[in-house]
Structure formats: structure tokens, C-alpha cells
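I've put the structures underneath this note.
In what follows, chain A forms one complex with chain B and a second complex with chain C.
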Partner chain A sequence: MDTPPTGTPSKTSGDEPIDFKNDLIPMFTKLGCNAGKCHGSAIGRGGFKLSLYGGTPEADYDEIVRKLGGRRVNLVDPASSLVFLKPAEIVEHGGGAVIVDDDLNAQTLTKWIAQGARYIENRQLIRVDVTPNRYIASGIADETPLKVIAHYDDGVSRDVTYLTKFVAEDPSAVQLGSNPITAQGMRAGRHIIIARYSTEVIPIELIVPHLKPVRQLVSEPRHNFIDEEVFASLSDLRLPVSPNIPDHDFMRRVALDLTGRMPAYQRVEDEPPMDREAVIDGLLASEEFIEFYTLKFAELLRVQSKGDKNTVTTTPQAARGFHNWLAEQLRNGVGYDQIAREIITATGDTTHYGPATFYTAVEDARLQTEFATEVFLGSRMKCANCHNHPLDHWTQDDFHGLTAIFAKLTRSKVIRLNPVGKNIHPATGKAALMKIPGGDFLPIETKDGRGALAEWLTDRKNPYFAKAIVNRLWKSLMGRGLVEPVDDFRATNPATHPALLDRLADDFVQHGYDMRHTLKVIAMSSSYGRSSLPVDGNESDNRFYSHMVQKPLSPEVLADAISDVLGVASRYGDEAFGTRAVSLRDGAIQSESLDVLGRCDRTKSCEGTPSPIGPLAQKLHLLNGNLLNARIGAPSGRLERLIQSKNPPLTIVRVFYEYALNRPPNENEVAALKRWIDPDKPADQQRDALEDFVWSIVTCNEFITNH
Partner chain B sequence: MNNQIQCRLVQYAFCIFMLLWLSGVGTLVAQEPPITDLVFSPDGKSLISCSQRGIRIYSWPHLKLQKEKIALTGNLHCLAFSPDGTLLAVGGGNPSDDGSVAIYKWPSCESQFSLSSNDDSVVSLGWRNKTQLVAASLDRSLILWDLKTQNAVQTFLGHSRGVTAACVLKSGEIVSAGHDHSVRVWDTESGELIRNMNQHSKPIHAISACPYSTGRPLVATAAADRSIRFWQPTIGRMMRYVRLESEPLDIAWIDKSKMVASCTDGQVRVVDFENVLVSRKIPAIQAWAYAISVHPSDGSIAVAGSNGQIQRIEL
Partner chain C sequence: MRCSKRCDGVPRRSFVRVGGLSALGLGLGDLFRLQRANSSSPLSNQGSAAKAKSCILIWLDGGASHLDTFDPKPQAPTEVRGPFGSVETSLPGVRISEHLPKTGQMMDNLALIRSVTSPFGVHNFAVQYLMTGYKPTPALEYPSIASVVAHLKTQGGILPSNIAIPHLTSRDVATIGNGFLPNDTKHFSLGSDPGKASYKVRDLDFYRGLDISRLDRRRQIVNAMNEYGKLKSQAGGVNDPDLERAYNLIASTEAKAAFDLGNESTEMRGQYGIDPRANLGDSNNIGQQCLLARRLVERGVPFVTVNNVGWDNHLDLQTYANRHPGDSRSAPHSLIPGLDKALSALISDLSTRGMLDETLVLVMTDFGRTPKINSTGGRDHWPNCFSVAMAGGGVQCGQVIGASDDLGEFVTDRPITPGDLSATIYTLLGIDPGHELKTPDGRPIQVAPPASKVIKELIA
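This part shows the complex of A and B:
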């Protein structure tokens, strides 16, 4: 079908009446009327409330045409309608003049009123195509026209570019032209533009390559499909890659990533090349892996004792029980789909059945919906509590339908069905019907909708479940999610490597939702083995894996690493002395050190990327706190033992380097340390210098990050 | 019997119109502005409506258009006869710009004068006596006008959003309600707020003082929270409330224990105040029924709303 040129008004056949849903609502969106900062806010503005981005056109029609005695439209004199006078600023309007009184928007609006201001939907929107949805520019000056075609259920397709709102995710990086509508990248990189027409939001990927000459990527080793996808992206962007790391660096990296522990130092210079696959297999089979990944899942599932007489309680026994259950699943290699099914459908006494504790982590069914969708779909659905999600396809019915499923449970020590439990849908004021998100309502006689929910969730065709978990596994090794934040999957937050995410998820499903398999595939890729040191031309890259992202050690791993290096164990709450932080089975166990290091408090999602000892309190704690100062020179500590054994200072230095950094000091470092720790100085001064050295090594960036 | 036949004819005509209207989706069919208020003439022989087209006077019970009059400019929202039935007040205005009250002689419809002091439309009127009239406006104010001097006697300020409804108690106090969800009682002489009642959870559309109560004054309010609440405003007490399936837009008393409500689903609901229940639902018009009025003597009601529809209903 012929379509008008980009940027011209869309045309309908003949004298079709103005279509309220397909013409007028997109126009309001384009003009910004129904944005969150204007009439689309939760309470509207100036007494006039529209649904956010036109998510509920029927309600908008009532608001515009029917409320207040219909005073906003004047059917006798359309040009006197308030809905026209305000945006044209003929009467005072807080939002200023958003239409000119004779422009196309004004004509459309007054024509619609003259036609009777009726709710007309000539056809149903099926889909929207944006051309291009991915564009690799030849350079900064390259400007590409954008075109949006809407397809409807009656076979009509039409150009709706004029009615589409385009927003650059980073306005400083993309310039949008208005007539015709074009996009131009202002600096090298990958930029996202969101096109919004009606209820559809479509991301447009604009890639502006770097102009510097790039090393030939063809010669780089490709170990598996991950490397194919990563290199394709790097090639588009003309980003050079950093070299691969030597075996001893790889050992430290992979051990920390898979077990949360520093490896024992080995003098690899004398060893044959490491069999990296064997190392990875060994780590994945270790008890330390189970311990570390149980901690990760315990944080994700907010496992901790909590509560008082006014709140939903998780007993310490229940928290430990859930932790132990998670560890057991990992130990037995249970598929993630099976783990999710058991958690979702759990019922019973939380003291005796760990997964039931999933339902005491939050206070009510609505929070349970937010929590469950963050965990299992990687999606923040809470916007849909109050209105259809403005940046995704979740509707208010999805949110409250899922909440209706969770509302059928009691939340106490024993999780059981509650036949009278209900969730009042705020839009209707009535009990919401149980519904699978994005799917069907459940039969009204359904007593427990969790079985259907678990089936849908773990269905091989579910577009979110596998992606959400492989994205988290990817982040745990690569430092940044393909979708970031990892709990914010949505249409307007596309993956940096969509094809890679698809392939990882497919591979995960094909291998029985086996997390160890996916971790191994990632760890075996050459992309994982890349140095964190940038080379000329990839310094600014922080998402395309041209070099490894430096990952701050998690608080538990850092606390354990400090204990290991200093040779002094920590005490956590009432746990036995020497218990490792990563093995704590209850997130509520008291520990000032872990709190200061920024451990997840497990009352909310902890999936933001923590900065490496960023906050001032953490730095002060490391400078002056007991975590280090009281332990560096402890009588039973490593430093004291080495001194008492009459080791020369440089030997002591070498030992700490090997424990902390998994390498010997290099020549420059040895030279500097020789100047600092003068062997001719008195013993007490040497001790002070050594203590300062140990302090500096456990606070340096090389130690507190996995790099 | 003739009345019933004519009523039937009006209903048939309405149905045919709706069928044409519905089948006309995709073609252009004229749309009438909504009727926003109705009032019966004191003798019950006429029904007066107002809309963006002005005032229309229909014969009752035949609903035959007798007279059409352009009144004020912009939107018309409310009508009220003076206690002695000699004057008809019409409220309205240009949205977000001005609000006025026009006074006409009845039954001649001769224009007397206009009272204009508001920054937004006047949407509700209540006569205090034959020379004083209170006008509620979306500019958040209530003004008590003296018709002899054509001056504002008192301005009542306190509502945080537009005032949508007002009535005057027999004891003289003014009761108002608005978009701020509140029902307020005002001292007419001093202009001071006496009581503020906040049980509604959404904007209030209508208020009606019960003309049949013999003890303490009784007032009903209808709101977007789908409730009708009954109050003893002079002591600040909410007595009871009824939750409806649909949002009530206007209410009117039938007798001391029953009232009727016109709703957004186009139905009329008969509400039993004593037993706090909806005793009857009557389909009336398509879409929103903005206005309802009880005939002074023949036991019927008039309902009007979207697309200029008017319906007579025998109770």
C-alpha cells in the first residue's frame, strides 16, 4: 500500500470520521498532554486527568467529553471548546501553547468536535513497524529519516510517523529532526530512540561507529556463540578489543566469580598452560560454588528473618530452611524451572518447608506481585498497579489479575489457601479476576491460580523467564547485564545484544534450565577472558565487552577475602567463629562490617550495581574501623605470624601479594616497597610500615574488584 | 392513557434514533450537546432543560418543544426556580474564564439581568428566599447574591477545588460540596465555615436537601465514589450511605424515605433511604444521565443527559 512521505500527516480513507483512539489519543501523546508530568500524572493536572500515554482511551473519552457536564467540548461551537482553548493557550494554560490555532493538530481536534466528539475506533491496531529499527550510521553527520507504519485488523496500513512521539534516551547523543522526522547520532556509540504510537513503544537502535582504525577482529579467537555475537557488535561499532588475560589472572577472575573466593596462588610460570575448561568444571562442582550461588539466590529471594506482631513474620528457622533448600537444589543440579515451580506453588509451614518462605518476604499480595515479577520475569510491573505500564505492555489487569492469584494465600508462619482472599481492582472497585500476565483470565471457579501461573512461567515459550535468569548469570560473570538493570526488562529498555540474549536463553532451555551449563558457556568464551585494561579506542566502552568490566567484590566476598588475607576470622551474630560471610543462612544476622560494606538488606531488590566502596561511611570504615585496623596487627594474624617467624620484609610483602592479588609484586612495586620498608630501620618502625602496606593492599582497587 | 401512548412514542422514537446512531458509526451523524439540568415549572406543566444550545421548554408530559432560548454564552449547567415560582435562574459560563447567573421572569422568559462575578462556570444554584440566591462555581467559590441590589452579599471561600453543588437548608445555612470530596456547611450571615465533612473519597457531583424531613435537616450527596451519602449537616453527622453499581450524577427526593439517582450507565436507581438499598433500577437513556427531576405532583420523573436525550419515566 502506498504511504505518504515521512513526516506528513497520516491519511485515512475518504471522509472517515476522526478516530478517537487511533488519531486523537496519539496526537495527545505526541503533544505531551498525557505525559506523567502533565495531565497523565496520577492525580492529573488542573483538575483534568488523562490516562498515562493514553493507556485507557475509554476513560480519556469520559474525561474529555463527558465529565463536568461535558463542558470541555462545545458541540455547538467547536472552537469554543475548552479542550481546544487550553492547548492553544487562548485561555490560560499551565503547559503553555502546545498547538497553534490553525495547525494540523488544531484542525484535527476541532474537526473531531464538529463531527460530534464521538468515541470512534475505525479499526484495531495490530502492530507498528518502525523503519529503520536499527541503523548503523556511516558517521556523526549521517542523518536517517524515521518512518512509522501502523497495521490494523481491517488490512489497512498507514503512515503514522506524524502521530508518533520520538524520544532519545540520551538527548545529548541524538538529534531528532522534526520536518521530516530524522535521527542523527551526535557521538559514537549505541543510542536508543523510543518511538511511541498509541499503546505501542518501539526502541530504535542507532549505532554510530568509532572512527579510529580498529584492530582486525577476524583474527580474534571465537570459542562459542557468545563470541560470535559480541564480535558482531564490536565490529559494527569499530571497537578494538583488549587482549586476553594470562592464566593466573583468569584463575583469580573465575574463582571469584564462581565461588566468591580468592584462589590459592600458583607459580604458573613453571606450569603448562592451564586447562581452563577443567578449572571451570572443578569450580562449578565445588561446595564453594553451591555456597556462593546460594547466597546470590538468597539475596534475590530476600531470604532473611524478620517481622514483629504487626508485620508478616519470617522466623530464623524459616529463613535458614529456605537457604538450606536453595543450597540443596543447587547441590542436586535441579533445573531452574523446577526451582521456580516449587517456589511459586509452595504451601505449608515455613519452618519445615523452605520455599513457602517466598510468601513471607513481603507484606501483601500486591507487593508479592512486584516481587515475583522482578524475580522470575526480570520485570518491574509495579507501574501497572495504578495504570497500564507506560513503558511496556503490562496492563493494570495484568497486575491486579496476578495479585488476585497471590491474594488467595494467607501470609503467616503457615502458608495456606485463603478462599475469601481477594484483590480490589482500583479501576473497577471490584474484586479483580485471576489472570496470567499478558494472557488469559483464569476460570472464575479457580481456587489456586499458582499452578497455572507456574506452568505459564516455566513454559519453554515464555519470553521472559529464561532470559531473566541467564541475564543475571551473565551479569554475575561479565559485570553488566545484557539488559541493565537486570530486573527491568521492558520494550523500552532493549538488550545491548538482543540476539545473544536469545541464544543464551535458548541454550539454557535446551540444556534443561541448567545454570551450571550457562555459567560454563559464558566462562569459556573468549569475551570472558578479556583483560579489564582498555586499549586505545575502547576506553569509553562500558557495555560491549571490548574489555572486561571491573566488578566490585560483593560485601560478603570482600569481608571473607579480607579475613583470608589477614588470617583473622570474623564473627557474625551468634554464628560460630570463623563462619564465612558467604555462608550465612540468614540475611538478618547482625554484622556491622557487612552493613558498612553495603550488604543487601533484602527488604527490597538489591540488583543495582554497587560502587566499589563508594559511600563515605564505607571508606571511613576501611580507614579507621575495626574491620581492618583491629585485625591487621592482631597477634594471631598473618602479619604477626610472619614477623615472629623472622621473615624479611620483602618476603612478607610477597606473601601478601600472593594472597591478596594472586601474583607476585612486579619490579616497580618491589623498588617502591624497598624504599618504604627500610630493613635498616628499627623493628617497631618496620612493623608500622608493614601494617601500612597490608592496609594499602586490602584497600587497593586491584584487591576490592574482580578485574 | 394518552400520556402513556405519547410516552411510548417518545421511547420508540428514541430507540429508532439510537439504532440509527449506532448503525451510523463510520458515518457522520449529528451529535447533540448533553442536557446538564432539568427543572419542572412550579405548575408542573412544563419541563425546562439547559445545555450548550441554551434553554428549552417542553410541555409535560408530552415533551413537545415549546420554546427555545439562548441564555448566557458558553455552557449552561444549572436551573432553579425561585420559591415563589416567578423567577428562573440559569447558571453557566465559559470554562476557565467566567461564570454567570441569568435571571428570567417566569413564565414569560423575559430576561431580567445577569449576575457575573466568577472566574469559572456556575454549576449549581440554590434559592435562600425569593430575593437571595447562592451560586456554586468551579472557581472554588460560593456567592450569595441579593437580587434586589444585584450585589454579592457574601462570598464563601474554603473549598480547595471547584464547588459542584449547593443547597440551602430551611434553617438558612448553605451546604456545599465539591471536587475536593468535602461537604461543607456555611453560616450565611457571617460567611464562616461551620462544618466540614470528608467521608466521600472522590469528587461530589450533586447535593439535595430533603424537602420532607421534619426534624433535623437531611441532605443527600452523590459522588464519583459511587456512593450516595445521607447527612444531618447541622450536627455534622453522616447517617448512612448506599453504594451503587454506577456513578450517580444527579439525585432528587421522591418522598421522605426514597430518592432517585441518575447514573453514568444511563439508568435511574431508586434508593431506599430507610433501608439503605437500591430498590429498583430503571433503564432511562443511553450513556450518561446528568439530570433528574421529580414532577411536583404526578409521580413521574424526567431524566436527561448525553446527546440531548430526555426521558419521562412513570414511577
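This part shows the complex of A and C:
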């Protein structure tokens, strides 16, 4: 292989003619000609239309060579071709001068025309290697050359660095040099550069370590493969880790994460050393775990009733049926692959068959495609509705082929096949053929393509399915997805720990798509047991797990925790009094307090979307709303019962600390509280002060966070 | 017309939150909660020339059609021109939609920009770009212009510095907020619509049986618990600033009165739009929303956003001018006529009160709509070319900046990016577009993107 130096156009075998697909199109991409804002726009620009990022080279060739009566190319005098005069701005060009006189781009272009402006595709691209695709710099401003090698089906490999477009995700953190092509990180951290050549997009990781010398990580405990990977990236970045937490704190953390409930209080001195594995197994086997994780899936699957105002309705029975079905799958330990298969292929009356309700969550087949890919592939296919996805490999055929499968369904109370259902492909104006995303078209006589879809989805080799779910499970314990947002997997949004994601997914598949298994592996890691309080040098880290992410309690968990501490349930819609927020079986059940706390409204994806209620509005509600005020002093509540039983004021304080924070108050807290609560005065004579104390304990930072 | 070479700069719908927000307003971000940047003065050298003290942003949520509002194409073929005619305005040669006649008569008090261009045709990216001035990136969550203005121009009063009526935007773009700036710069959503008879700002009044001394004690106790407990308040050991703000607002009768439209005369309410007390059914609420915005800027609130929903209309264009579904009354108060009445009333009211010079009024939207009408008689998303209107606050009025082509497809003159708009808005408000804010990890970020240019001819 003869590789020319970086920064020069590549040649393969001497004077091989210019390759339209492999040379010219990437050059247009690099220059920005076929970007969405220029000629890559859906209707082109200035009468000249190219496919977005060269997605369809044949159409581009047609546009350049044949359209406009062939005036865009002049074979006799290449330099007077419109396709040259415009970008060189010899004639007026809206995009300005993008090539200069006789630069390499200009030479390639005129040479191609001189050679007859032919559609030549010398070879097919197989893959592209970028070196380095991960670079650990010695410090700030350490410069590394970038090199891109394309490999083709005829065995040829060549340097295409010069034809590759590089974009830094954060331009203020990375400086890109153009001649030769290099990258420099300008700040400590992990930075991403996206390299785009032809149809390939490759992320490059540029790691600039922190400068402070850190305590050795070698001696830190490693419990399983998770710790190996997490420590590998921490040591690359030279980030120190926070210490591990004691059993007592671990209990609160893991109970909240796996069951959405605080553990019962135990005096520290009463506790034997904890068998963490037994604790985790116990929690995973509990009914509370099923309840809590059913809620998570019900939110993801947008389970809620929708009335007549909607184009597609869901009855309360159908919503509850789907919720119950999900709980049943978790109860029976059904593999996630099996759950997905049943949902995807569901047919029947939504009133009686829960999973069919999956097909009434959205209004039409195209939205079903977006919804299904978000749930099962963790991917946003929306862009591919109108054109090939510019940041990912999804094509417009993928989008409309998948939509064609979903178009064969009626979307009503009973989900059944609709033989005449079709999806018009916007590019052709004809019914799109059913297609597996990134794969084959289905035979034209296929009646229901969902079986093939489910088979592809849950195939062990499917590169997205397992990763999408383990990433969500990871986030539910670790506070941040390895890919974030968790519904935005794509080539240009790499994981923070790619190898860890691979290993988690492999391990999940090998263990029968068992979600409890993966949750246990994560909970058993030493990385999960780290303190959430930063130490000197890791304060700014929010994605490498040098300290635990402080997770705010989710709205339902917080609402239940408040009810538990106050000793008074909250009423949700017409549900039986005492029903817990996490066990509500329909997202449409009314609750102002859950709305104020920011619950997912289940009409769109809630992943990565913060609560729409601002901090000021929330505090106003806590102060003046009925969430707390209606219950703190209720006759049946814990406070009133403690007062009635003639408990001294400080005993009442201690009881609330134990219920809410799983610990007794410390000396400083007792001393501070004595300012408002008189230990010598009977509790029933200072009800107001005690109420105000109870209000405070369920709004303090320690209570509302899993830390 | 130029299209930038960087037009394919990897946009992404991915937002790594630097400032987190939890169920109770406490999140990871609190670890890094910033104190107000107090480095160099934010005010530009020409600060004394800037007249605007406050800004009212009328946001046409969902993407208003430029062809059916401020940039009609009466000469274009029917499938582009659409169902509406156009009218003369007080500016010779300038025509706008026939459903904006009052605004047209005030065109000498407005400046139109008909050449705004953005690469983003999906709501979330588009709104982020327009509302922050920066192209969305996963690397950093930029604060909205409203939050930056609140941050730099706060009067330290009791009313929030950044208020959204009734919400900032539809839920789709809930990621727009204070970015890396402190929580007190985030918009306060009223959560209640002043255009409805039931309007009442949520949770401002005392819960029964409580009074200010009780709330005072609660805030003191919780602050003590945070101080001595396991998770200290991360704002440097001081009291929870969000709670303090809530408490101060509840404690001030005067501040609460700012939200009360009952103090406005029936006549005044009628001028802006349909008075909800007239019980005319579902109405377009933009009028009362604008009236409330005027009350708030009158009391020193630096930034108020009026979010007028319903513009994302892919179906029948006629509904832009028709009454709302289910409303059988005669008053025309749907989207375009409602905007006409509210905008013209707001400008003349501000003018009468002598506040127009110090109040910048903006009419902005996600993007324009496709020039060619679709098969259902509506228009789809079109970011390549659309219009923005400005008034008051030191704007050089009575002019049209930029132009679109004969079909309203592309900009033919003076392309303006959302970044340029942000730089101009900051300048009008006396903020140097190059003023640097600091992120929690110390990155300097200019309030407007470094490549943006102030639209000089807009500055009076």
C-alpha cells in the first residue's frame, strides 16, 4: 500500500481516473456544498440540488452532468464549467469562494471534467480507519496529526485524510489544524471530534488529562469488569476517586435505586457487617422492585389512557392492562428480548391484551416508527423521514420501510392487520416497501412484517437492542447514561465508556436478556458504591464516575416518601386511598402534586428532559400548595399520633429523622432545632413549631436526593 | 446571499446538562452553582446610548408562516401566495398580511427583518438557536437570552427577573433555560393563563391557616438542616436561594399585585384583546398576556416572554385567521388577528405611558413555513428564510431589513442569523455582545456567539 503524506489528495494506481463517488462526493461534503443549508436542502439551492451529504451519488451525478441542459460541465474547457465557475466564485455564487484557483480541490474538479465527467465508481467503500481514534494527550495543546485510511472492496486502501471533514463537538475545547490536519485539546477533559468521509462518520476521542497528581488508583477495589473499565478511563484522565460509602448509606442508596423506597431504619450499632450481595438479591426479588421498574417501563412505553379528543384513543382498561402485563413479565423474570417480541408483534383487543396498547400510544405509522426506534434502539430516526439521517447511518428507505410495516395495522381499540394500509414514500410518491432498518426489503407479498422486525431486533447480533436497554439500566443506578441522552444512540454521539457498554451488553445477552442480572452486576461494582461527595480534584467531573452522581428522587418516589414520612397517603384520581404513586397504572390519573414535582406526561419521550416546572414555582408550591400543607398536621398523621402519645418534643424529632433520613439527628442539628422547639415544653403546646420542623425535613437536600 | 461554509456543523439533539434541575430544584448542578459573574462590567462602551431597560418577547410558538404575516407574496402563484391578501402599511411600498391591519398602520413604529435564516427545521433545535443565539451543541447548554438579560440586568427586586406567560415554550423544548447560569435567572412560568377567567398565579397566596411568620420559621429550619446535615447547601453554605426568592415573593403584597390584571380597567383589557371576563368562550389569549407583560416591565422586570401557542399548523391555513374551534362568537381573535390587536395595543400603550423607548418589543418564532402549500392546505417547517419584528427600546423604526426571494424561499438580501439577532438584542439592551460569562469549570462564553454581527442599522 502506497500511502501519500497526510494532507495531500490520494492516488491509488498512477493515473486512475477521478472516482465520482469516492473522490468527488466526499470533496463536496468537505466543502459544505451538499449540507442542508446549501445545495443539500430538500429543494436544493439556487436551482441546484445535491443529496444531503451525498447520500445518493447517482442523483447528484444526474444533477451535475445532465440537468440544466448539461451547462454545468464543459468537457472542452473544464475551467469554464458552471460547476467550477460557481464554487471558485468566478461567477456569482451565494456560497462564496469555496475553492481557490488551482488548489487541490480545484485540480480534482477540473481533472474529472477533463476526463469526461464520467460516473466512475472504481471500488466500493468497506470501512474507514481513523488514526488515532483515541488519543491521550500529554497535556493541554499537545498536537496530534489525524489520518484517515479508507478500505475498499478490491483490496485497495488509501489515505483520504484530505477528503475527510473534521468537526469538533466543542470548538472552544479543540483546535483543528488544516495543513497538515491535526487536533489539539485546549482544556482538560474528554473531547469528541467527528470525522466524516463519504457515508462514514467516525468519532475521535481526544483525552486531555487533568494535571494535578493523584492518589494511585491501583489499590482501589475492583469487583467486576465495570470497575476495570471505569478505572481505566479515570486513570487516563488522572481523576481521583471519592471513597466508598459505609453499609448504612449503601442500604439507602440501593433500596431507593432498586425499589424506589427508603429502607426501614436500623440503629448503626445493631447492624452486623452487610452482605451486600444478599441485600441486592433480596431487593431484586421483592414485589417493590417489580412495582418500581414497571413504572419505569410504563413511562418509556407511554402507557396512559387517552380520551376522545385524541385521534387515537386508549381506554383506561387498555392502559391498565398494559401496565399489569409489564408487571407480570417482570414478576416472571421474562427476558427483555421476549418482552420486546411480544410487544412488537402484538395484535388483538387492547382491552384484553396489554401489549397491543403499544400501537395506540401514537397517532400514525410514522410516529410509531419514531416511537419504536426510540424505545427499542435508543435511536432517533426522525430526520430520516425527510432525508437520509445526516448524523447517522439511517436512510430514508429505512424510515419509510419500517413505517410501511407499521402502516399495515389498524390503530384503534382492536389492533388488527389492515391489508390496504400503506405508507407513501415522499421521495418516490409511491407506497414504500417494507424494510428492516439497515437491512433487507421484505418480500412484496409479506402481510405482516412485524415478525421479521422482531426477529431482527432481538437477534443476538443486533448492535443496538441490548445496548439501548443496558444503557437505561445503567442510568437508573449510576445517574447518567454511558450514552446520553439515552434515546440518542448514533455514530456521532459515542458512549463515554464504549468498551464498558459493549461488555455490559454482551453480558446481558449471555445471561438471557435478564434485567435483574445486569442491575445486580452494576450494583455490585465498587463504582456504584462510591460516595457522592467530591474530593479535591474531581469536583467538576460529571460523567466519569469519580464520585457518585447525586440523583434527585423521581417525582413518584418522592411523593411516596413524603406520604410515608407524614404517615398520610395522597389521593390520586379515583384510585383507592393509599395507592402509592409508583404503582399508578395509568399516566393519565390526575395528580396536581405529581405534576408539580415534574412527572413524565407520557405524550413524548421524557428521557433527558428536565421538569418543566422551574425551581421558584416548585418552592412556591412547597410553601403554599397542598402537597405538604394538607397533610403535615392531619389528625391521622404521624406527627399528630406522636403528639397524642405524649412523646417529648425531641423524641418526635428523632423519630422523624429516622423515618426520613434513616439516621438520628446529630448534636449540631439538635442544638440548632432547640432554637424553635423547646425540649421542656409539651409537644401539644408547640404543634406549629413541630409542623414547621416536619415541613423542613421533607424538603431538605438530604431527603429529596439519593446521594 | 452567502451560505456559510460551516453550514453542516454537527447539530445534535443531545444536551449534557451542566446545571441540573431535579424534582425539587436540586440537582447535580447545585454542586457547581455559580455565583453571579462579577468580572468586567457587562455594559458596553456605548451603554449610555442604549435605551432599552426591559424586553418583551412575543414568541409565536411552533413557527409562524412568514408569508401569511410579515412577508406576503401577493405576486406569487396561488400555491405559494396562500389564501390571504395583503394590505398597505404606513411605510410606503411595504405590505403585510391583510389580517394585520392595525400593525400595518403602525409600521413606522416597527422594524421588520425579512431575512432571518437558520439551518434547523425541527422545533427543539430551532427554538434553542433563536432563544439562545447559539447553535445547539451537546458540549454545553447555553442560557437563553432571557436568562442572560435577567442575569446582567437584574434590579435585585422581589419580582423574578425572567417571567414566562404562561409558560416558556411547549414541552418539546423544555431544555431551554438558564443553562450554566444561576437558578434565579431561569424563567418563572406563571402556570396560569391571564387570558382565562380562572387566571391566578399558582401558589402565591397563603395556604389556609398559614401566615408569613410560619413560612419564615420553615425556611429557617430547613436552612439549618441543610447546613448541619449530610448534604450541605452547595451554594456556599448560605440559605437555599430558590427558597429565599419564593419566600420573599410571597411576603410582598406589592410584588403579588403586579400579577393582578384586576387592577386594569375594562377598557384597557378590551384594547389588548378579548377580556376573559366577557365569557366569550375559548379565545386567543395573547392580548391579556401582553397586557400582563406590560404591567411586569412597568415594575422593573427585565425580561418577559409571552408564549402564544398554536402556530405549528401543518393543515388548513384558514385557521390562522378563523376563530378557534368551538367558538361561535363573532369577535375575531384567532392567531393572526389576535396578534394584530395585541401587538398594536402594546405598542400604543407603551408609547402613551412613555415606556416605549425603554422597552424592547420582539416578535419571534421557531422558523417560517414552506412557501409551497402542502396537500392539506397548510405549510410545513421552513427555517431557510423567515421574519422577525421589533419595536421600541432604541430600535431604528420604520424600516424593513433584508428581503426574501419572490417565493419567500431564500434570503436574497442581508441574511441575518439568530446569532446576529441575539447580538443586536443585547446591544439594544445595553449589554456588550462580547461580554464574557463564566461556566462552572471556568470557560469564558460570550453572551452572543463570537461570529455574530450586530445589525447596525437597527440601532437608533
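Just so we're on the same page, the second predicted complex is superposed on the first by the 608 of 707 C-alpha atoms of A that agree within 3 Å, B and C clash if a C-alpha of one lies under 4 Å from a C-alpha of the other, contacts with A are read in each partner's own complex, and residues count from 1 in each chain.
Keep in mind that, in the parts below, a contact is a pair of C-beta atoms (placed from the backbone, for glycine too) under 8 Å apart; a residue touches a chain by one contact, two chains touch by 3 or more.
These numbers were taken from a predicted model, which means no experiment stands behind them.
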- Task: Classify the contacts of A:Q115 with the two partner chains as first (chain B alone), second (chain C alone), both, or neither.
- Result: first
- Looking at the overlay, does A:G47 come into contact with chain B only (first), chain C only (second), both, or neither? first
- Query: Between chain B (first) and chain C (second), which does A:L82 come into contact with in this model arrangement: first, second, both, or neither?
  - Reply: first
- Determine, for the superposed model, which of the two partners chain B and chain C contacts more residues of chain A. C
- Message: By the touch definition at the top of the document, which applies to A:G36: first (chain B), second (chain C), both, or neither?
- Response: second
- Task: Tell me which partner A:G429 touches in the superposition: chain B (first), chain C (second), both or neither.
- Result: first
- Query: Which holds for A:D506: it touches chain B only (first), chain C only (second), both, or neither?
  - Reply: neither
- Query: Same chain A residues contacting chain B and chain C, which ones?
  - Reply: none
- Of all residues in chain B, those that touch chain A in their complex: 25-34, 36, 52-53, 74-75, 77, 94-97, 121, 123, 138, 161-162, 179, 226, 264, 287-288, 290, 306
- Task: Could you pull out which chain C residues touch chain A in their complex?
- Result: 1-18, 20-28, 31-32, 119, 122, 137-140, 160, 167, 171-172, 174-175, 177, 183-184, 186-189, 191, 202-207, 209-210, 214-215, 217-218, 220-222, 224-233, 240, 242-243, 245-247, 249-250, 384, 409-410, 440-441, 443
- Task: Show which residues of chain A lie in contact with chain C when the two form their complex.
- Result: 29, 31-32, 35-38, 40-41, 43, 45-46, 53, 94-96, 98, 165, 167, 169-170, 172-173, 187, 194, 380, 382-383, 390-391, 479, 484-485, 488, 492-493, 534, 539-540, 542-543, 549-550, 552-555, 558, 597-598, 601, 603-604, 608-626, 629, 661, 666, 668-669, 672-673, 675-676, 688-689, 692-693, 695-697, 699-702, 704-705, 707
- Task: Using the touch rule from the top, collect the residues of chain A that touch chain B in their complex.
- Result: 15-17, 47, 62, 66, 68-72, 74-77, 80, 82, 85-86, 91-92, 115-118, 120, 122, 429
